[in-house]
Amino acid sequence: MRTLKYWQAIAEGLVQGMERDPDVFVMGIGVDDHKGVFGTTGEAFARFGPARVFDVPIAEQAMTGLAIGAAAMGKRPVVVHPRTDFLFLATDQMINLAAKWRYMYQGASEVPIVVRSIVGKGWGQGATHSQSLQSLFGHFPGLQVVMPALPRDAKGLMLAALQSRAPVVILEHRALYETEGPVPEAPEVTPIGTAAVLRPGRDVTVVAASAMVLEALAAARQLEPLGVDVEVVDVRSARPLDTETIVASVIRTGRLVVADTSWPTYGLAAEVAALAAERAMGALRAPVKRLGLADCPAPVSLPLERVFYPDSTTIAAECLATVGRAAAELSARPVEESSFRGPY
Amino acid sequence: MRTLKYWQAIAEGLVQGMERDPDVFVMGIGVDDHKGVFGTTGEAFARFGPARVFDVPIAEQAMTGLAIGAAAMGKRPVVVHPRTDFLFLATDQMINLAAKWRYMYQGASEVPIVVRSIVGKGWGQGATHSQSLQSLFGHFPGLQVVMPALPRDAKGLMLAALQSRAPVVILEHRALYETEGPVPEAPEVTPIGTAAVLRPGRDVTVVAASAMVLEALAAARQLEPLGVDVEVVDVRSARPLDTETIVASVIRTGRLVVADTSWPTYGLAAEVAALAAERAMGALRAPVKRLGLADCPAPVSLPLERVFYPDSTTIAAECLATVGRAAAELSARPVEESSFRGPY
Amino acid sequence: MTSKPAPRRGRKRLGSRRRQPAGSTSPKSEFLRRLYYELLRVRRIEEKLALLYQEQEMRTPAHFSIGQEAVAVGVCAALTAQDVIYSGHRCHAHYLAKGGNLGGLVAELYGRETGCARGRGGSVHLTDISVGMVASSAILAQTVPVAVGSALAFKMDASPRVAVTFFGDGAVDEGVFYESLNWAALKRLPVLFVCENNLYATHAPIWVRQPKGTEIYRRAQAFGVPAEKIDGNDVFAVYQSARRAVERCRSGQGPALVECLTYRWLEHVGPLDDTDRGYRSRRELDAWKRRDPVKVAARQLGALGVLTPPAIQEFEAQIAEEIAKAVAEGKQAPWPDPRDLLRHVY
Amino acid sequence: MTSKPAPRRGRKRLGSRRRQPAGSTSPKSEFLRRLYYELLRVRRIEEKLALLYQEQEMRTPAHFSIGQEAVAVGVCAALTAQDVIYSGHRCHAHYLAKGGNLGGLVAELYGRETGCARGRGGSVHLTDISVGMVASSAILAQTVPVAVGSALAFKMDASPRVAVTFFGDGAVDEGVFYESLNWAALKRLPVLFVCENNLYATHAPIWVRQPKGTEIYRRAQAFGVPAEKIDGNDVFAVYQSARRAVERCRSGQGPALVECLTYRWLEHVGPLDDTDRGYRSRRELDAWKRRDPVKVAARQLGALGVLTPPAIQEFEAQIAEEIAKAVAEGKQAPWPDPRDLLRHVY
């Protein structure tokens, strides 16, 4: 299969979704400019023009309301936010209206909007350009929340979102944009609400989301030579969460580490740990461990960013701990010098 | 000790806090009208007048920003929302600014605002007048979130909030407003971040929040004749959560039921269950159970409201299950006819 | 699958539910009588609902529009069944004036499965897609941008449909209102903003919330939205203004705003008088009652020779019958089945 | 305990960091020279930072103000050290013009412990409480209501202090801006809204976001906020307008807005030219460069006989020295200790 970068997969999914359904349109800051939201909307703009891909006033709340009102008339609006943090301005429309619409009006109409947003990380993104809101949106019945980690799911979940009856939040991760992977050319949907076991393993389950999936896979590789066999589960959807797949894996391995892109407290890591406590308790052979952001807002300075974000080594250390071994056995992974050039 | 109603305790805490600190002022919809936010601001208005208790334009986002800007200049604003659901409009200011302020500017200044809001329940409050946002606000470092259940803590936590250096969210519960309990006359603080074991018990721990605390106590009474001894822990603060008290209780009883006023998924119930999975796993003798709202927006119609909200009987049934007994042993608690008259 | 609202075409016109009693019979006078009929009908329904509300069997906070009906009726008379409307918490009159099913409203207030939102939405979440009443909601100003979005869809489809948003002077305090004005004007969208300025939000008079000397309609003008302020208690004035605005919208000239000055007779939420609570005076209410939109319309039409006392009596009888039936049915209607609690969540 | 900002009283006036070179010596001309000095200083600092930024050692998205400095300098010259300012993402110039510590800015960009936010905030979260630069933030329009809140505190304390909020034409799209105008006018608060209209938000020209024919300052007027639009590249015009507005504020007459027309020379974020990207033209930039605020000011003062080429040269030398020192120190400054990661969370 040919490979695509994550951003290319998003772009392709969007274009195929727009081909399929003439009611899809895209609006957001800079969707039609030369950068095209880091490359993800440029092709759609080139193909479908300003009637279906257009720039907007910077008014996140109204934009979301507009999307809802257009959706109620049969459109399928895709709203794009260059940073997930801006969504706080849209939470009333998303949670108090879109999420509840079908229920409050009991199916009289539906508002299948798609809200795309990008989670920032590193290079001094700082406290308000780096947040990932899966647990916030996941808490409310009526929304679907997806978090693609691999390029194929970036495309597949985009296509799924464009066909869902529910309002869907897509949380993309900026740190994944340049990662590559196989992506089918056909418009293959990744079903919303399904997790994926990306690597089977016997000893410990790592349930991970978004960018942490790649860290989990790296951790699994780090642990291979030490004889610890890690199963990596990519949640893919934060709501609905694929509880069957997660619980089955935990029951198989008897050990659970959860690695999320947000804070553990009241986070996705808490939800997954709670699932284990409810439904896999008898099988657990070690305490569950949650990993996520350090318990502070995101700092800017590099040495602080380095300790703020968990990585594969942190995950590997916790996996070792669940089998009663010491993190000291791990050789430190060299800090990778990224080719990234600012200002982001 | 004399007894007060919950709303009276709030009113008294507010007045004593305002006496103590001339920088405290109160703003919000209707804080100065004849209803005085269900009685909680009337006395403060009578005592301190319109200079310190005043009505506002209906603009939740700006109001929160104003509070922050006044706090940065040394004031202690108390912002009041008649329903917690309106806070979605203020999440950007609360989470992207107030919560992060001290950290982002590294202590150069602080913005100790107090955000009071009331959680609605029943009598057809419906989907957007009934939400409780503890897990949403609890997820973000930099905020404190309290949820008084008893009148004494309604006062004590109000006083604590007015002395905290952090921005504090107080989630009051409308269904508790007419409940009564002993309240000290002195301005005694309930320390933020401390849970309370309201009833010691041997067999099962019920960790409950806000209105569910009263249901948990009722469940404990229902189970007494059946020989099941329930320990009831009132979380009181959702952030910081008193993990020591919670974990110690779970380790003591070996069983855990969590009862929250919001949805279990990504909720406070998840966080508490996760704590048990991380720190009390070895002691657990039964799967953890989470209780909260049914997984849909709040309906209006009475027969639906009745099944939407868990109550003491639901809690009691789950407690029985943790000790391997059947809910059938419970005699149904009669539906209490409330003396409440609409429209709320 | 999205349900595209496909409003019933050719639904009966305003007031045509029954044959009209005689009087002048030109199409114009027929139309004027229908306006009056509709106005009277909304008034009588709300009065009845307010009465029944006191039995404490409608467990849903209800905001009555008594005194303000001319806005809903006048504006909706300027719309076709294909046009859509949105409203806020005070939405019964808008729902009814757009042709929303009465039985569906009554049953909704009683929390029944036959309610327009099947007892899930309550008084503040009315919908009747078949007549273009898309949604009302309980969060202030929330449906304002939503109406703009529907207008965006109409414009994208080159459809002649128009979207209307009804909101109060309190919603004007919210920032999203201005975001919406800006957007509508920028994209020249066929949306009509109808501000029902009843001088109060809850118990706060407008001067506690908006600077003295400023005008809501002038704010709209600053965004390039043509706007005027009119007597909201004169159903014919409302109709005329709305008609001009809707024509503008339909002909692709973009949005408009109509600020309708009016007054709420009952308490903010609930069925009672509240002039003894201190925030407004009996005097003020009485002055406004002298400008009762129903009586004003009757006087105007009487003077034109278009409406006679017997005609009014016949209207009253028809309306009373319709209401009695809807109430009887609503009270008897089945409750939602608790097993359906989770229906219509994704 | 809250830290009440207690701005250093009697801090040195603008440009007085060094003895000024001769020329006309009246207080007025002295003041005018100081304005020029400040303008030149902000320009040279930003130029140097933009150059250094290309070394990829400042890991923080930075929005340079080159071309727009006259707004910051002109407004801050009308303020006292007790007055406070707030800004958004494009905040270096505001921080500097208000007297913010240069070393603190440079070190912040380098992510060092000696930065004004100790490396936790970065380019978009500047603060120097000692001079009344309270906060800048990266969310559009976020600090607009915050400034209004500080003004509310001043009014409650009957203090003569004034709060200023700097924001762009893009922030004007956000609803909270109007909520803030409404509030400020309603309560007659001593707050000055300064809109730096540089005709673009990111890559979107203003006409893509705001209806043609509308004016930002007129929107403010519709809320009862006195407002005017001025040449934002003329530091003296800005100063005059700001001074009048600040006097209004200080004398209890309420808020004002100044819309300053100006232009950004560099890309939206980052240190480079971007006229080859298609969203704006080299021609347009060149036209604006002919109205370079620094050169305009030099010409004006030269014509008045207040500023001589040798004086400018001496200014340049002083500034270069100050910058060199700050940069050297910033690059050498200690990094935050990772063990302090959780400091200053509650």
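Here the chain labels run A, B, C and D in written order, and each chain numbers its own residues starting at 1.
Following the convention adopted for this analysis, contacts are C-beta pairs under 8 Å (C-beta built on N, C-alpha and C of every residue); 3 or more make two chains touch, one makes a residue touch a chain.
Since we're looking at a predicted model, the values are computed, not measured.
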Chains in contact with subunit A and also with subunit C, listed by label, are B, D
Farthest CA centroid from subunit C: chain D
Whole-Å gap between the CA centroids of subunit B and subunit C: 37
Chain centre separation (subunit C, subunit D; CA means) in Å: 48
Taking the mean of the CA coordinates per chain, how far is subunit A from subunit B in Å? 30
If you average the CA atoms of subunit B and of subunit D, how many Å lie between those two points? 42
For subunit B, residues contacting two or more additional chains: 56-57, 59, 61-62, 85, 89, 92, 96, 103-104, 126-128, 141-142, 295-297, 299
Subunit C: positions in contact with at least two other chains: 117-118, 120-121, 125, 137, 139, 173-176, 179, 182, 186, 209-210, 344-345
Along subunit B, where are the residues that touch subunit D in the complex? 23, 25, 51, 56-57, 59, 61-77, 92-93, 96-97, 101-110, 112, 141-144, 164-166, 240
Touching residues (chain side subunit D, partner subunit B) in the complex: 1-5, 84, 86, 116-118, 120-121, 125, 127-129, 134-135, 137, 139, 142-154, 156, 163, 175-176, 179-180, 182-183, 186, 343-346
Which residues, counting only subunit B, touch subunit C once they are in their complex? 29-30, 33-35, 55-62, 85-86, 89, 123-129, 294-297, 299-304, 306-308, 341-344
Which residues of subunit D touch subunit A once you look at their complex with the stated criterion? 53, 56, 58-62, 111-112, 115, 117, 119-125, 137-140, 170-171, 173-175, 201-204, 208-210, 269-270, 277-279, 335-338, 340-342, 344-345
Note which residues of subunit A are touching subunit B in the complex, please. 61, 85, 88-89, 91-92, 95-96, 99-100, 103-104, 126-128, 135-136, 138-142, 239, 241, 256, 262-271, 273-274, 276-279, 281-282, 284, 286-290, 295-297, 299
